[in-house]
Every structure is written in structure tokens, then in C-alpha cells.
């Protein structure tokens, strides 16, 4: 007993100490420094490189979330995040541009997830065709600047790369218009009916993109638009890279592609920054309250003067416009756009990000995007690379004396990324049903639910709905 | 002999809300007992704890001496507890007859079920007229009758009634109380929860008064009706 | 067809005739009427199209093409329509009870088709296959697929959905997607290890009866009806009737319906809610499995990825019919199958469009229907009661 | 004086059932009126027709000089008629204050531009909205509970929030659907006082549906009785109480007799 | 002391329906490194192989490309199988100066973009499609054709070339349809039956086209069937069964058995991986060989081993003697002379696939070479 209480009290002291800004701040800085140092010393020729980078890079990318949650002053948080975004990651990116690539991908998916979160998380409209707006944005830019011989190309009317920034706005605009056009006829539908119709729209947009190479070639059909234009790299960025190179004694072999990546990196974090601000301001406004009201109870909301269709359209258009902007960036970054990139699976994985992170909350959604993207692009890939590396050197697992080489090729992890991803999704949902970082409002709803459920089978709320052909709200049934 | 139903020091929580804070009560075979209390006092929670709809954290609930706490609702129902939940909750897309048949879920014999359905039709002639109608299209009063009849189909030893008069027109309220008396006269023990304390105390032999999760009074109905506090708060007299 | 107008108070007091009418004749009649009606309607549309565009392409007289293709389009539309309907039932049953879309259902279907293959392949490997009588073979294959898929569905519910009951509705949706990814790769791994292959071809060529189509001669056209098409339709009709009886004519069916309307209260009535939900998943899964095996026999080759497209289509069909409504799933499936088949058959002749646009048009039909009937074909229009 | 709300020959059918049948009702400004009738008589349906949730089959509804026919619920709300629901329909996940703030939606200037740029006007409006919402909460007796999540409130308080939310749009008329159902006598008495204050202090006309005769007889100046969708009687409480048709269809002998005028008149 | 590491990557589908071909490409590259890196090892280098799975999906291919260009030790990429994946991925390689040698990509845009790092050792779809059409026109009784494709860059591309050439050859094209269907082709088949073509050409890959013909025959189609090198996998025989016998297909890669020099390769491959090599495996072996030879030349010349140098040296390959032929790249990265063959399926037994008969075979010059030749011919006459 005594021992236990001592332990408890010492744990309490530790916890109290952790709450002190100085201690917490010091720990944070140490944490980030250690991660950076490890990453800095990692060498690709190391046998265990994939393993180590899988351990450390996510730690670094996730640090903003820890910083934000830490009990330290606001300016300190800000400073740390700025240092991370504008010094540390660019520096690491110069050493190994795959880190930049990863962060850009994360930003792209985070932007999409934040947009979908407006539709699903804020307004409660289940949209399974969200990727269509992303496609609209991507095609908006790609059609005009691709190397493929589309109608625009034939006429010689090529837009120059510097029009890129203008096209981000155009992408926002076009996607929003498409969102409104699609939304108008169908936003009266409820819940799952809306889901299937949006799914249908998503597929329709994809099929049309796939086929608009005839009779007039707009999209180059299934071949996709390749050689898509990129914004010109400002000279100072390239100079900056060279300066840093000589200052730090790095040897950068690929200055041009690297400056290009850096440019995209800065564009991506800028746009994410803007999106976050927009999403927060919307959430925290009469519009956001109206969306929440619609999500909770449509009938009550409209009876209280909330114009349903207009607010839903606004949500749809806002979500779409985020995707449109991101789409333009994606097309330029990837230099390739094809209908295959806009499949239902993509819509679903963005939805997964939103829900895994914590629907309705901005920070949660970001976290979901970071985690799911890193899983797919870093962790699972590295797992395969690691096993392959071990196989190459005929690594033997010590104690059990197992030759990695003997592992059957049919079971190469590279082939089963989906399986692992699927398992992780299930596990995450079971252990954190409200998401990894639930929005307070939802967390509370859920906790009550959990405990009020008697034996697992009965949720006392379930019954009040009109059954079978019900007019259900798209999110949880809260009676 | 132990009472038919006995609650000892029952604590029930909804999340962090401590809804029942140590309830002790008992119901003897053949009695009508009522629970009186204001909104959120924990009346419905008491009934839900008994029938297993919510799981209590602490205490004991015994039915004829057998501990039923922690059992699942369908197991408790099988032991002879019938519960007419708050808000009637009939199955809206099943017909009246199907609703009744569901009530006798644990009865295997078809003929026995038919017999009971017939019995219910005698008790509630209105239901016989509508036996093919979907439950959801019945009027409020009819739904209430159906809910009671459905619970009776299992021939429970004790019937838990949660605000059977809520939202009913005055004329129907009278009818419902007539029926409660009738059922009781036929031998069913009843634990009744009512906002309409006056009428509840009129049919009940004994009553308990609940206030924010605790029992504050227990007495015979007659005494309760003359209690000053009860008069003021629950009977609306000043 | 699943409208229980009267519950079975006691069979004994009623004649077998009435029972037969309610659970066999009536549903079959309803199906027939619908199929004939829908096919007629689409035929008329096709001829109207042919009148409007007599020669959409040089040397193609549309009316002749329509004439030639009509029987084939109808037959293949019905065949695939029944497959969609059977899968759609799984979505609809689960939706009815738990109010969420079981996205993993397409994989339950896939597993059915793989199990169907495995059974036949094993028989073939041991040399028994040609000896078995067709009826017996088909029945065994379907039953095994139903069993496997049904059990799988039950397991999935236990592992991935039950712990999430009461969570917001989108949460089980995500774990369903997880299951879906997982199942695809799991089956792939199993087949990769055991067969080093995952294009699984039913050993139908060993079966004489499969290779001899019924030849239907209409005018100058000969239409081949493959025995497998016949089996699909027959199998679907039989299982659908069985389901109708199960849901509306049995006590368990009534229990499922009660649970679907109000889980809590169903528990109070003495119904073991978990068992009913498992049962629902079993039945829905078994249907998915049967559809999978029938589909496999019809198309000949399946893969672990085979579930995706029929899954989406069946989901669409379920919504088209009114999700949660069992008859609706049937009608939705048939509608979608026929519409698709006609679109496929006719779009070819319009050079600017082509079959590539079949899905676009099919979804447009869906959207149109939903705009005019926001709860699907048979979904009761509930103005929410306030 | 012209009635504030003038309903004439209103009819609504659901399939074969005529839920509201040729009903004509006039509501005077600044009055408190009640609509009573047996279960399923069509009272709630009438409210739903008035607020645009259902569309009437025939008939006219004129409110404050404007026809309500064909208006959407949000337009009805903007026109100055607000309501509560028979089964409480709060936005359960939102705080009490937010619930009331949503009720103000139709009185706000909602501009995407202002929202994103946070203009001075926007900020002023937000401050005003918050202030007014807390004032309303104080008015209904929930001062200090603004930050609680509405689903955690006791039932009676939830009813009050609903009323505050309905009042937030500065309505001329408020429709209350069984506002005291499920309340005990003491709470009911408090609620009646609140309804009176709504009329007296805010000048809002009140129409309520009730089954509790103490409330109906206690505060309403005018009562209309529906049965099977039709209006079978109207008049003052005394007239209604003694109307044999009403007694038979609705009150029952006991209810008609038990409630003494003094009992209800005295409460405050 | 550690050896200096040179890495060679491959990108091909290792999962998904086309993984049979993709895995074979991967395996052959691994085998080539094992067998051909001897000289480099002697010079003190260790050569490692890094296979990537592009899942036959452009997105994944590009993501992998972005990943692998950052490994400075990777000197070249062998791949891809699918042109739709190769085109966007090669843009990334190009940005980073990383050489790519493709054993299997036939789409014209692969090399027509003129990227300095992109090379292939197989033929092109324009020639292949035209060759198919020319052959079809010689078949007795073939007057009408119906052209299908799988809507991918590869399938649609080659089908389009076939269609155009067929029209030029005087054949009537009854239809040109794309389908993404993979299991149930009934809807596709109905109009074909009604149009009753003499030959169906399906620009697609065996996993789809094999199933298609099986169902088409069952539905009553009795005409001929033809396709491009996407048909070329033993799996076709298994999927198509009896229905696939006598199918014609063109290929840019004859079966390994067809090349006398490949006999040892087949033996080694089968011994190492437990199954015979699929089409393009031998080409993958040669692609890897070309890269290794280029690296060897650089090291021998004493230059710095950089990606740029490797890319330039690979492009400069001249008369590389591989097991499938002798390769010289033109300025676009096409082989100056490529082999085209026309084959016919002989049996429904997958094991017999490598004995499919070669009906015709010819070497065709790449467009650049052809143009140069044409110019050379034109000049004297003018």
C-alpha cells in the first residue's frame, strides 16, 4: 500500500512538474532537437535507414501537435512552429528532399481533409465524391499547361507558368461553381441518399475526365495530362539554396529540382495556413453555428430560421473550393493528372483522415491527414524497403535464426500495404471511436454514449428514429 | 418471504451524471407502488435499472430473492419483469398484432400466444379494431394501450409503468388509470412512475418520493397525499 | 412483397393454399410484373430512340440493331439485376437494423465467389466434378458460399462493428472500409500461398452441361442463354423467396424487424438483440455469398478485387429501391441491371458517347429518380413527424 | 382589430387521413390562446402547417398581413413566427447559449466576406448576439447556464431553452407545443408565469397546445378545440369547460370538474 | 572496408491483377544483377537491387519515383510495365537526371517526349497496332472489325493505332469502345453479337482480355480474336480456356523460348523463382544488363559515377548484345531496330504458352531512324 501511494505521489509530482512552462518548454525543445539530430545523422546507405527514419520523421512531423497541446506560452509555441516550418524542415529537405516531398503530400491531403471536414464534420453532409472537386481544380490548371496535345495546346494557347498563382484562385472559383451546380439538385436529400448521389457525381466527373478526349480533346482521356506546367522558381529561392549549401557545407546535387520542391513546400504550407484560418473563422461564426445546427437537427434548424439549402450549398461550395485550390497545386507538383488519381478510394481515404483524426475539429482533421498520409507514404513503404534491404544482405534474425530471405515472395509486405492499413483503421476506430483528437463537443457526446450503453448491445437512444426508411441525420443518432 | 422486488443501495450513472444515489425500495406481490418526483429525479432511471436498460454500478436488485443486477434486459424480461418505457416506444412498422406477438417473445406455443392476444383484445377492445394497423399510425392513447398490452403479453409478475399518461388527453388519462386498476385486480404487481402524482397516489397503495437521485420520503399513499411538501410540489396545491 | 399484411397467428388455422399464395405466388407474381413492366418500358424507350435517331452512324440502322439485341439485353439485364439485388439485400438488411452502410459487404460477396471457386476447384482436383449432377453441384456450391460468407459477416460484425455500436454513424463506416481493405489482401495472400495466383477460374469447362447453351430462336436471331444465366436467375428467385418468408413469415424475422425499429425496446421484449443482429448479418452475408457464387459461375473468373464494382452497383441499387426496404433492394437491383444493360447495348451506336458513358447515364437515372422520390422507389416518403 | 394570424379553411391530408380539416382560426395580437383536443386531433399538424414544415392542401394563412402559404420554415421564422416542438428538439451537442444564438439566425447579416475578414461590423454583431442570448436566458430563468451543453440540462430547463431559442428571432408570435408536458405541478406553475411574461414583457403573442387543463384554463384567454382535424368549439375557458361536446370528446368528466377556476387563477 | 554501393531500382506492379508480369520483370532484374554485376564487384562496388511496387497506378508510381530519386545511390530504374505509369513517373526521373530503361512500355509518348533519361528496348504501339491491322487484313474472310480497349494509356493507345491502320487497310471498323469492366462483360458483348464482326481487337491486358473472350464465346461469338502484347502471358490461356485457342496477338517481345540466346536465362530463372519467366522478363534482364554495362563503361573510363553520366552513357549504348537481341538507342531512346512478332495461341494449357506459334516476325526501325532513312532516300532522288 505504502509503496503504491509513494509511486502515485511521485507520479503526481512528475505530472505537476510537466505542467510548468519552463520544464515543458525545455522538454519540447529537447524533443525536437533530438529528432532533428537523429534525422540529420541518418544515412541512406545505412542498412537500418528505413527503420530509423520511420521512427524519427513522424516524431518531427507530429511535433506541432505536441507543441500546441503543451502548457507553454503562446509566443513560445508560435516560435517553435515557425522554426520548425521555416528552418528545420527546409534544412532537412535540403539534405534529403524526400522529406519535403512527404510534407508536401501531407499538406495536400490535409487541405483536402480540411475541406471535407467542412462538409462532413461541420455541416454533417456525407460526401463520398469529394475528390471530384480536387479533380476539377487539378484539371483546371493541367488542361492549360500540359504537354499533351489537348485542344488548348493545339491552338498554341499555352498559359505560362507564372499564371499558376492566378489559377489557384481560378481553381477555387471553378470548383465552388461546380460544387453549387452539383449541390443544387441534390442537397435536399438526406443522409445516405446524399452519400450515394455524391458518390455518383464523383464517379461521373471521373468518367467524364476519362472520356473528354473525344470528340474534342480536353483532358487527354485516360492517358492523362503529363508535363503539366509549374510555377517558375523565384531566383532568390535558388540563390538561397546555394547560399545555404555553401554555408553549411552540404553538397546538393540537384539544385533545381530541390528549389522547385522548396517552392512547392512554401506554397503548400501557405495554402494550408490560409485554409486553417478560413476554416476556423467559419466555424466560429453564425455560419458555423448554423452548420452545427443543421448537423444536429435539420428540422429544428430550419424552423429556427436557418435556410437549409443555402447553408448546405455554402458548405459544399466552401469544401469544394479548398479542394479546387489544392487540386491546382497538386497538378503542378505532380506534373501529371489522370482520372485514376480521382477514384472513389481517394474520396474514402480522405474521409478516413477526417474521421480517424476526429471529425468536426480542425486540429483533429489535420492530425488524421498527417497520420494516414504518413502511414501510406512513409511507414508502410519503409517497412517494405527495410525488409528488402535486410533480404539483400541476407539478414538473419538472431535468436530464432530466421533468414529474412526465406520469407516467401508472395508475402512481401509491399504487396500488403492495404491489409496493414485496413487493420490499423479498424484498430484505431475501436480504440478511439471519436477520433485521435476529438473535437470537445463530439468527445463528450461519445463518452456519455459509451457509458450509458448498458450491455454493449443496447444504446437507449436508438429507437426514436423512424425506422427502416428513416429520415436519418448523417452522423450519430442522438435521440 | 422476500418481497417480489427489492432494491438496495442502488447507484446508477450516466457518464459522469450520478443519477441514482443509493436507492432502497421494495414492492410486495400484488401491490401498486408509485414513484413520485420532479423531472430528472431519477424515476425513469430507477425503472431502467430494474429492467437492465442501464447497468447500475453498485447495490443489489432482487426479484423474488434472485439477484438480477447486471443481467441483460432480455434475461430480466424472461424472469417476469415487464417494462412499459417512457414514450411508449411501440414498433411503428409492425402491425398491432405483431407488436403484441413480439411481447410474448419467450413463449413457444403458438396457441398460447393466440390466447394471450385474445385476452389483450378483451382488455383493450380498441386494439382489436385496429389489429392490422401499423403501430406508428395509432393515436397517442392507442399507442399507450398497445405498449401496456405488449408488456402484459409476457404475463410479467411485475409491470414497470413509466409515465403512462404523458401527453395524453385528459379523457384518455382517466381511461389509462382505469386499466391500471383492472390489471392489478387481475393479479399483476405494478410499479408506477407518474408526473400526475395525484392520480398515481389514488391508485397506489404505497409511494416513494424521489429527489435528485435519492429517496426522501416513503409512506402509504394516503399519508403522502396529506404531506405538506408533497402537496405543494407534486400535487400543485399551495 | 415483404409487406406483412398479417402475421402468422397460427398456420394450422389457415390453408396451405393461402400460405403458398402469400409467400410464393404473390412474390413471384410481383417480381414478374415488375420485370415485364420495366423491360417493356425500356423497350419502348429503345424504339423511341430508334425513331429519333434512325441512323446514328453510317450503315447502322438502329431499329434493326435494337431488334437484334433486345432479347439479349433483357436477359443479361435480368441476370445481373438479380445479382445486384441479392447483394443489395445485404446492404439493406444491415442498414435496416444498424442504420449504417456496411461497406465491407462487397468483400463478403467476393469471399462468396472465391469460396464457390474453391469448392468447385477442389472437386475438380479430386476428379469428382464431372460426376456430380448439375443440380446437386450448384446447390452445394451455393450453400457452401452462403455458409462461409454468412459466418464471415457475423465475425466482421463482432470484431469491427459491435464495439462501435452507439458511436457516430461514420465510425463503423471507416472500420468497414478497413475490413474491406483487409479482406481483399487476406484473400489475396491466401490464394497467393495456396495457388500462387489470384485469377480464380471456375473449372466450368469440365462440365458438359455448362457448355451447351439453350438456343432460343426468335425470328432470324438465335439467342444463346447460358445455363449459368439460368442458374443465376433461378437461384436468385429461390433465395429471395426464402428471404421473404424468413423476414415476414417467421418469428425470427419478426424479431429482426423489431430490432431494426427499436433496439432498446426489443431488448425489453425479451429479444436477445445481439443474437438478432448476428442473425441479420448472417442472413445478409449469406445472400452476398450466394450472389458471389452465382456471379462467379456466370462470369467464370473471379479475383479478390471482384467485389468492388458489383458492391458499388448493389449499394446504388439498394438506395435506388429505398435503403432499408427489402423489396426495394430487389426492384432497385433489377432496375439498375436492366437500365445498364440497355445503356450498354445502345450507347455503342452514338459515336460521341459510347459505353464509357453507361455509368454516367446510370447514375443520372438514379439522381433523377431520387430527385422525384427522395427516399428511393419504394422508400416510404416520411415527412418527418415533428 | 385585425387578427395577427388569420387561418381560413385550412386542410391537410396524409394519404387517406385528413389530419386538419377545414380549420378556421384567428389569433388576436397580444393574446394568449390555446389549442386543445384529443390525441391525434391535428394540433401539432396545424403548427407544422403554420410554420411551413408541411404544405397545406387548401386554405389560407395570413400572418401580419402576409400570406404564409408556400413559405419555407426559415421564411416563416423570418416573418416573425417562431415555435417550440412537442418532443424537445434542441441542438443537443451545442451549448445552451449557442442554441439561443442559432435562433437569431434570421435576424443576422450573414456574409461570407465579413465572416472571413472579420470586419468591425461582424465583431460588433457577434458581441450583440452573445449579449442578447444571455439576456434571453436570464429572461427564461437560466442565467448562468449558458455554457452547459444542452443535452445535460434537466428536462424542464430544456423546455426553457427551447422557448429562449424561439424568442431569439424577435417573433411577433410564438407557438408552444405542449410546453409543460412532463413537468410536475410546481414546474408547471413556473412555466405558466413565464408564458405570461413573454406576452406582458416582450409583447409576444402566445399560442399553445396543452393537455394540462390547469395551464389551459389558467392562462389562456381564448381556446380552440380540435377533434378529428375539425374545430369543434372555441371560446373562453369557461365556455369550453362547460361545452358538452368538449367534455365528451376531450375533457372527460373528472378533468372538467376537478380543476376549479380559483386554483388555477391563483398561481403565479 | 565497405564496398561502395550502387543501387538499381525497379518499378512494376507487384500486387494487383497485373502482378504476374510485374513480378516477372522484378525477378529478371534481380537475376540480371546477380549474374551480370561481376565486373562491378571486381572494381570494389556492391550492386543492390531495390524493387518498388507501382501497383499499375500512376499515382503510386509517381510517389515511388519521388521517393527513390532521393536515394543518391540509385543510379537507374528498370520499369515500368504500364505506360500510363511510366509516363508521369519518368517526368520525375527526368527532373532528377535518373536513367530509366523500360522493358515493356510501348506507348509512343514514352519516347516521343524526347526526355534524355528515358529509354526502352521494346517496340512501339504505332508500329504494333499497324502491324496487327496489316496482319488482320490478310486473314481470310475478315472484312469487319470491332475494336475494344481498356481505357488505359496503353490499351487505348494501341487500339487507336490499330483502328486507324485497319481503316486504311480497307477494313470496316464497326465500333471502338472502351471498357473498365473486369469481370462481367455481358453488356459489352451484346452489341458485338448484334453487329457480328469478323474479328474483335481488344487493346488491353490478359487479365481482362482473357476473361472477355471466354464470356464472349459462351454468349455465342464465333469470329476471330486479336490483341496486342498485353495478351502475352500464360495466364491468358488459363483465363480464356478453350475460348482463347487460336487467338492472334502481336508482340514486341517474343516468348523467351523464341530467342536462342535466352535458353540459359530461362533455366536460371526457373531454377531461382520456381516458375518459368513471363513475357518481358527476358527484356527486363536485358534492360538491367544495359544499365550495368553503362555503369561499367563509366567506371572503366575513370569518370565520376553520377546519375547524369549514367543517363548519358545508357543513351549512348551501342550494339549491346542481350539475350533478346542487339540494342542501339536512337536520340529519343527508342531502340533503332525493334522486333515485332505475330503469334497465335495454340493451347488452353498455360504450360504450353511458350510454344505459341510465331506466324510472322520483322524488325522495324524506330520513327527517328525511319525518318532519317526516308530523308536519306529522298535526298539523292531530288
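As written, the chain order gives the labels A, B, C, D and E, with residue 1 at the start of each chain.
Throughout what follows, contacts are C-beta pairs under 8 Å (C-beta built on N, C-alpha and C of every residue); 3 or more make two chains touch, one makes a residue touch a chain.
Worth saying up front: this structure is predicted, and the values here are computed from it rather than measured.
Chain centres were defined as the mean of their Cα atoms; on that basis the chain farthest from chain D turns out to be E. Distance from chain A peaks, on a Cα-centroid basis, for B. Distance between chain B and chain D, defined via averaged C-alpha coordinates, is recorded as 31 Å.
Chain A and chain B, compared by their mean Cα positions, are separated by 52 Å. With centres set at the average Cα position, the gap from chain C to chain D is 49 Å.
Chain A and chain C have Cα centroids lying 35 Å from one another. Counting partner chains per residue, chain B shows two or more touched chains at residues 52-53, 72-73, 89, 91-93. Residues of chain E in contact with two or more other chains: 15, 151, 178.
Among all residues of chain C, those that touch two or more other chains are 188, 196, 261-262, 264-265, 267, 273, 354, 356, 386.
The touching residues of chain E, when paired with chain A in their complex, are 5, 14-15, 19, 23, 48-53, 57-59, 62-64, 66-67, 69-73, 84, 87-88, 91-92, 95-97, 107, 109, 113, 151-153, 156-157, 178, 273, 306-307. Within the complex formed with chain A, the residues of chain D that make contact are 51, 53, 72-74, 77-78, 82-83, 85, 87, 89-94, 98, 101-108, 110, 112, 115-116, 118, 122, 125-126, 129, 149, 151, 165-166, 168-169. Contact residues on chain D toward chain B in their complex (touch as defined above): 37-40, 86, 152, 154-156, 178, 181-189, 211, 213-214, 249-252, 254-255, 263, 266-267.
By the touch criterion stated above, chain A contacts chain C in their complex at residues 120, 126, 185-186, 188-190, 192-193, 195-197, 199-201, 203-204, 207-208, 210-211, 214-215, 299, 344, 348, 351-352, 355-356, 359, 408, 410-411, 415-416, 418-419, 421-426, 429-430, 433-434, 442, 445-446, 449-450, 453, 456-472, 474-477.
Interface residues of chain C facing chain A in the complex, by the touch rule stated above, are 95-96, 99, 101, 159-160, 162-175, 177-186, 188-189, 192-193, 196, 260-265, 267, 273-274, 277, 312, 315-316, 319, 322-325, 351-352, 354, 356-357, 359-360, 363-364, 366-367, 370-371, 374-376, 379-380, 382, 384-386.
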